[in-house]
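Both of the next two complexes hold chain A, though its partner changes from chain B to chain C.
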Partner chain A sequence: MVGYITKRALWAIPTLVFVSFISFVIIQLPPGDYITAYAAQLRHGGEYLTEAQEAAMRQQYGLNDPILVQYWRWISNILFRGDFGHSLEWNAPVSSLIWERLGLTLAISTLSMVFTWIIAIPVGVYAATRQYSLFDYLFTVFGFLGKGIPDFLLALILMWLGFTWLNMDVGGLLSPRYESAPWTFDKVLNLLSHLWIPVVVLATGGAAGLIRVMRANMLDEMGKPYVETAYAQGLSERQVVWGYPVRVALNPFISTVGWALPALFSGDVITAVVLNLPTTGPLLLQALKMQDMYLAGSFILILSVFTVVGTLVSDVLLAWSDPRIRYA
Partner chain B sequence: MSVNTTPMPPERLLQLDDVHVHFSMREGLVRAVNGVSYHVDRGEVLGIVGESGSGKSVTARAIMRLLSKNAIEAGGRIRFRPEPGKEVEISSLPRDGRQVRELRGGHIGMIFQEPMTALSPVHSIGTQIMRTVMLHRRVGKEAARARAIELLERVQLPKPTEMIERYPHQLSGGMRQRAMIALALSCDPALLIADEPTTALDVTTEAQILELLKSLQAEMGMAIVFITHNFGVVADIADRVAVMYLGRIAETGSVDDIFYQPKHPYTRALLQSIPRLGQAPVRRLKTIPGMVPDPFNAPAGCAFHPRCAYAVPGRCDTLVPEVSLFPGDQSARCHLAGELPEEAL
Partner chain C sequence: MAIETLEAPATEAAPGREEQLYTAKPWTLIWWRFRQHRLAVASLVFLVLLCVAAIFADFISPYTPSSIDRLNTFSPPRAVHLFHEGAFKGPFVYALKRTRDPETARVTYEADREEILPIRLFVHGEPYRFLGLVPTDLHLFGVDHRRQRINLLGTDSLGRDLFTRLLYGARVTLSAGLVGVAFSFVIGLALGAVSGYYGGWLDAGIQRLMEFIRSIPTIPLWMGLAAALPIAWDPLFVYVLITIILSLIGWTHLARVVRGRFFSLKTEDYVLAARLAGASEYRVITKHMLPAMTSYIIAAMTLAVPEMILGETALSFLGLGLRPPVVSWGVLLQEAQNLRTISLAPWLLAPGAAVVLVVLSFNFMGDGLRDAADPYGR
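Right after this comes the complex of A and B.
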C-alpha cells in the first residue's frame, strides 16, 4: 500500500510540471495580449494608447521575453515566494484575489459533495433493494426532474422562494454588512444562511444522476454469486447489502471524488454567476475574457493541480477500498 | 397429493416432501420444482443428478430459503433436524427470519458452482470466514481468526496464516473452491449442500477437490447433498442417488442399485450416455434423443414421455406415474418401473 501510494505520488510530479507549462502556454495562445485588450478597452472609453506607450508597457511587464523565460519567472515566483504575479486588470497581486474565493469554493464544493453522497447512496441502495416499489418510481421521477432542470433555473427558483416566502436576503454568500467584517460567529451564521441555496442546487443536480448510477451498480452487484454466498452464511439482509454489494458498487464513485473539485471551478460557473457567488468560476471567466494572463494562468494552474491531486486522492482511496487494485 | 406427515425417523437429517417451487415470469409460470421428495440421513452423502434445468439448484435454494424474489414456494414440506431430538420445519419459517439465518451457515453450509465469483472480491479470505464464525459461534476476533487458520489448514491450503490475508483474486480456481469449502464448513454444519462444486474446474483440480470433500466428510462426519451432472462423480462420492428430471425425482436408490438395477428409463438413458469402467470398449455411447422440454409447457402425463424409448401411448402421455417402491429404499416414478425389459447397460 505504501509502495503504491509513493509510486502514484511520484508519477504526479512530471504530470504537474507538464500541466503547469501547458496552462501557461494556453493563456498565451489567443492573438494579442493584455496590453492589446487594455488598449481596446481604453479606446472604447474614448482614450487611446500610443504605440510607444504600448511598447513601454510590454517592456515593463516582460511580455517581450521568450516564452520559456516568462514561464520560469512565473512558476519560480509561485513555487519559491507564493507570488502568483500581478493581475493587470485588478491592479492587485493575484494571491490576494484568489485565496478567499478558493476557500469558499472548496467549502461549497465539499459541502455539496457530502450532501450529494448522503442523499444519493442510501436512496440508490434502497431503490435497488426495493426495485419497482413506489419508492423506486418516486425517485426515478425525482432523478429525471433533477437531471432535467438546469441548475441555474433551480437556483433562480430557490432564490425567489427564499426572497418572497422566507424573507431572506439571497444571492452572494454574505449580507453586505458582513462582507468586509472580520470572521465572527454571526458572520459564520450569516454565511450558512446563504450557503444552503448553492449547496442544494449543486447537490440535487449531482444526486439525481448519482442515484441512478448507484441503483444500477447495486442491481448489478446484487445479482452476483458472492451476495448469495453472504446470505448463505446467515447474515441478515442489512448486513449483506451494506457489507458486500455496497462496498463494490461504491468503487466507481470513489474513483471520481477527485474530479468534483475541478468541476465546480468550471462547470458550475453559470450557477455561481446567477447566485452572485464570490467563488472562483466567475472570476476565472472574467480573467479569460480580459486576457488577464497572470490571474487566468494562476486559476488554470490551481485547477490543474487540484485535478492531479484529486485524482491521486481518488486512486489512493480506491486502492484502500478495493484489494483488486491494491494488489494489481 | 397428500403431504407426508409421519414423523421423521431419528437418523433423518433433512427431508423434503412434495416440494413445489414456481417462478412467475412475464412469459408465464415456470414450474421449476414440481413435487420433489428426497431425504438425507445424518452423515450420508446424497448425489443429485439430472440434466440442466431439471431443478436441482432451485430445490437446493428452497432448502436454504434463498430463492429469488419472483419465486413462489407453492407447497410441500422441508424438515431439518439441527440436533438430535429437535425438528425444524424450514418451509414454514419466515424467509429471512432469525431462525432461518441461524440455520444458514450455522447448521447448513453451501458451496456454489462458480468459485471465481462466489467469494466477496473486497474482503480477505480470513475476514469472510471469521465473519461467519463470529456470527454463529459468538466468539471474539482472536478465536475466530484461530478457527479460520485451522479451517484453511484442513482444506489443505498452503501457509494458512498468510492465506487468511489473501483476497480471492489472488487465488486460483481450485484454491478459491478450497476457501469456499472452508467457509461453508466454518461452523461444523450437519449438512453441506454442494451445488456442482467442481463443474467449473479442470479435471485434475476436480479430482483433488472431490478427494478433499471425501476426506473432510470422513473426518467431520457431515452429511452432503452433492449436485452434479456427472454420474462418474456421483459413483465416487455418494451413498445414495436421486435422479431429477423436469422438477421431479425420477428415481432414487443406493449407488449400486441405481448403477446396476436402474428402474427408470431416464436413469438408464443417462447411464448409457456415459463411459463406464469394466465394459467392452466397443459399446457405443448413446445420447438421449430430443431436448429437455422448456419449463413453460412441460409435457402432460410423464414428463419424460416424448423422449422415452418405452413410452406407452395413451398411458404415459396422459397419466402422471405414481412412485413405485422397491426393496432397499429404491423408488422410481414410472408406469413401467420393475417391468422394463432387461437391457445391457
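Right after this comes the complex of A and C.
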C-alpha cells in the first residue's frame, strides 16, 4: 500500500512540472512582455520610458534570458517564496489577490461535488432497482438534458427564473445591504439564497453523468450470484441492495473524483462569470482580457495543481477502498 | 430504450429475410441496427435538415444577418397564423404596432389585428450572393411590405432578425464542431494507433500525455490559449485557431477508443494470418485493422462533436472565442449575457436552445452508432 502511494505520488511530480511549464508558456504567449505593458501604463499616466530605459529594465528583470531560465526564476519564486509575480492591472502582488477567491472556488466546488453525490447515488440506485419504471425514464431524460445544457445557459435561465418568478435578488454572493454587515442568521440565509444557483448549475452536469454510471454499474452488479445468495438468505431488499452491490458499484465513483474536479473548476469559472460571483472565474477572465498574464497564469497553475492533487487523492482512495486495484 | 435497440433484426425478420441477414454487407447490417434506435434516426434527420438549412442559410433566411432596423429593436417573435376571424387566409402574420409606454418610455410592440401580412414564397428582398457566388435577391419566404418585417424569432438590440442570424450562426458553430473533430481525429487516430499497435514504452508515454491533458481544467486552459490570439487578426484565421485549440484537448477520447480497438484486434487470427502471409505493417494496419474499426471511430467522432460545439459556444460567450462581425451561436448568446436583457427579451436565449438541441442530437446519434458499431455482436 505504502509502495503504491509513493509510486503514484512520484508519478505526479513530472505532471506538476509539465503543468507549471504550460502555465508559464501561457503567460508568455501574448505579444509583448511585462515591460511593454508597464511602459504603456506609464504612458497612460503621462510619463514615458525611453528605448534605453526599457532595454535596461529588460536586462534588470532578466527578460532577455532564455525561456527555461526565466521559467526557473518564476517557479522558484513561487516554490520558495510564495511570490507569484506582480499584477499590472491591480498594481498588487498576485498572491494577495488570489487566495481568497481560490478558497471560495474550492468551497463552491466541494459543495457542488457533495451535492452531486447526494443526488446521483440514491437516484442511480433507484433507477437500477426499478429499471424501466416511470422514474427511471424521467431520470434518463434528466440525464440527457443535464449533459446537453451548457453550464452558463443553465445559470442564465435559473437566474432569469429566480428573478422574474421568485422575485429574488440574484447574482453575487450576498445582497448589497449584507455585504459589510456582521454575520447574523439573516446574513447566512441571504448567502444560501444566492448560493443555490451556482451549486445546482455545477451539480447538474456532473450528476447527470454519474446517475448513468451508477445505474449501469448497479445493473451489472445486481445480476451477480452473490446478490442472489444474499436474497436467498432472507435479507430484505434494502439490506441486500445497500449492503452489497452499492458498495461495489461505488468504485468508479471514487476513481472519477479526480476527473470531476477539472470539470467542476471549468464549470465554476464560466458560471461565476455569468452570476458575478467573487470566485476565480471573473478575475481570471478579466486578467486574460487585460493580458494581465502573471495573474492569469497563476490561476491556471493553481487550478491545475489542485486537479493533479485531486486525481492523486482519488487514486489513493480507490486503492484503499478496493484491494483488487493495486495489482492491476 | 437501450434494450430495444440491442435486439438483432433476426428476431423479427421473416424467414425470407434471414437469408438476407447472413449475406448482408457489414454496412447494411449497421444501418439495420442503427435504424432501430428511433431517437438516433430522428436526430440524424434533424441534423441533416439543420446542415442543409445552414448551407443554404442565405436563401432560406428572409434578411441578411447584419441588416439593421432602428425602428424594430427588441421586437418579440411573431406567431404565424392561418385563420383571421375564423376565415382561412393561408399562413400570415399580423402587422406590429410600435408604441411607447407613457410612464416608462419603454418601447412596446402590439400586434395590429386589422392588418394581415401574408407570407409569400420566393420574394425579392435584400441582395446577397447565393453561396457566395451568384448575386441574387431571392429569398425563400418573406412579407411584401415596405415597413413591416417578418421576425419569426424576434429581433435583437439593433433590430436584426434573430432567425436569420441563428441560421448564419449555425454555419459557423456546426462547422467549427466538425472541423475541430476532424483535427482531433487526425491527432487521435495517429497517436491512438501508434499507442495500441506498438505498445511498450511508446504506449506508456502516450498514455501519460493523455492522462496529463485530461487532468487540466479545460475552460481555463482554453481561455488562456484563446486570449493569446491577437484581436486584430482576421476572423477566419481566429476561427481556425480556435478549432485547433479545442481539438488539442478533445483528441484524447478518440485516441482511447482507437487504442482500445487496436489492442483487441492485434490478437485476432486474421491479423496474425495477414502478418504471416508477409503483409507489411502499413498494409496490415490500413487494409486489415482500420476497416474493422471504422464504425467505432465514426461513433466516437459523433460523440466528440458536442464537446467542440459547447467549447466554441462557451469561449465565444465569454468574449474570448469568435468575435463579431462573425456570427456564431456563442457570439449571439453574448447579447443575452445580463439579466436586464433577458428579462426584456427572453427570445435572445433561442441560440441557447439551438445549442442544446444540437448537442442532444449528436449524443443520441452517437449512442445509436455505438450500439450499431458491432453488428455481429449479440
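FYI, the second predicted complex is superposed on the first by the 252 of 328 C-alpha atoms of A that agree within 3 Å, B and C clash if a C-alpha of one lies under 4 Å from a C-alpha of the other, contacts with A are read in each partner's own complex, and residues count from 1 in each chain.
Methods note: a residue touches a chain if its C-beta (ideal position, glycine included) is under 8 Å from a C-beta of that chain, and two chains touch if they have at least 3 such contacts.
No experiment lies behind these values; they were computed from the predicted model shown.
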{"item": "First (chain B), second (chain C), both or neither touched by A:225", "value": "first"}
{"item": "Contacts of A:19 with chain B and chain C, given as first, second, both or neither", "value": "second"}
{"item": "Chain B versus chain C as contact partner of A:235, first or second or both or neither", "value": "first"}
{"item": "First, second, both or neither for A:307, with chain B first and chain C second", "value": "second"}
{"item": "Which of chain B and chain C A:156 touches, first, second, both or neither", "value": "second"}
{"item": "Which of chain B and chain C A:164 touches, first, second, both or neither", "value": "second"}
{"item": "Those residues of chain A which chain B touches in one complex and chain C touches in the other", "value": "none"}
{"item": "Of chain A, residues touching chain C in the complex", "value": "14-15, 18-19, 22-23, 26, 29-31, 140, 144-145, 147-153, 156-157, 159-160, 163-164, 170-171, 258-259, 261-263, 265-267, 269-270, 273-274, 284-285, 288-289, 291, 296-297, 299-300, 303-304, 307-308, 311"}
{"item": "Partner chain A, residues of chain C touching it in the complex", "value": "1, 208, 211-212, 214-221, 223-225, 227-228, 230, 306, 310, 313-314, 317-320, 333, 336-337, 339, 342-343, 346, 349, 352, 355-356, 359-360, 363-364"}
{"item": "Residue ranges of chain A touching chain B (in the complex, touch as defined)", "value": "224-226, 228-237, 244, 247-248, 321-324, 327"}
{"item": "In the complex, chain B residues that touch chain A", "value": "64, 66, 96, 101-106, 109-110, 112-114, 117-124, 128, 131-132, 135-136, 167, 169-170, 180, 183-184"}
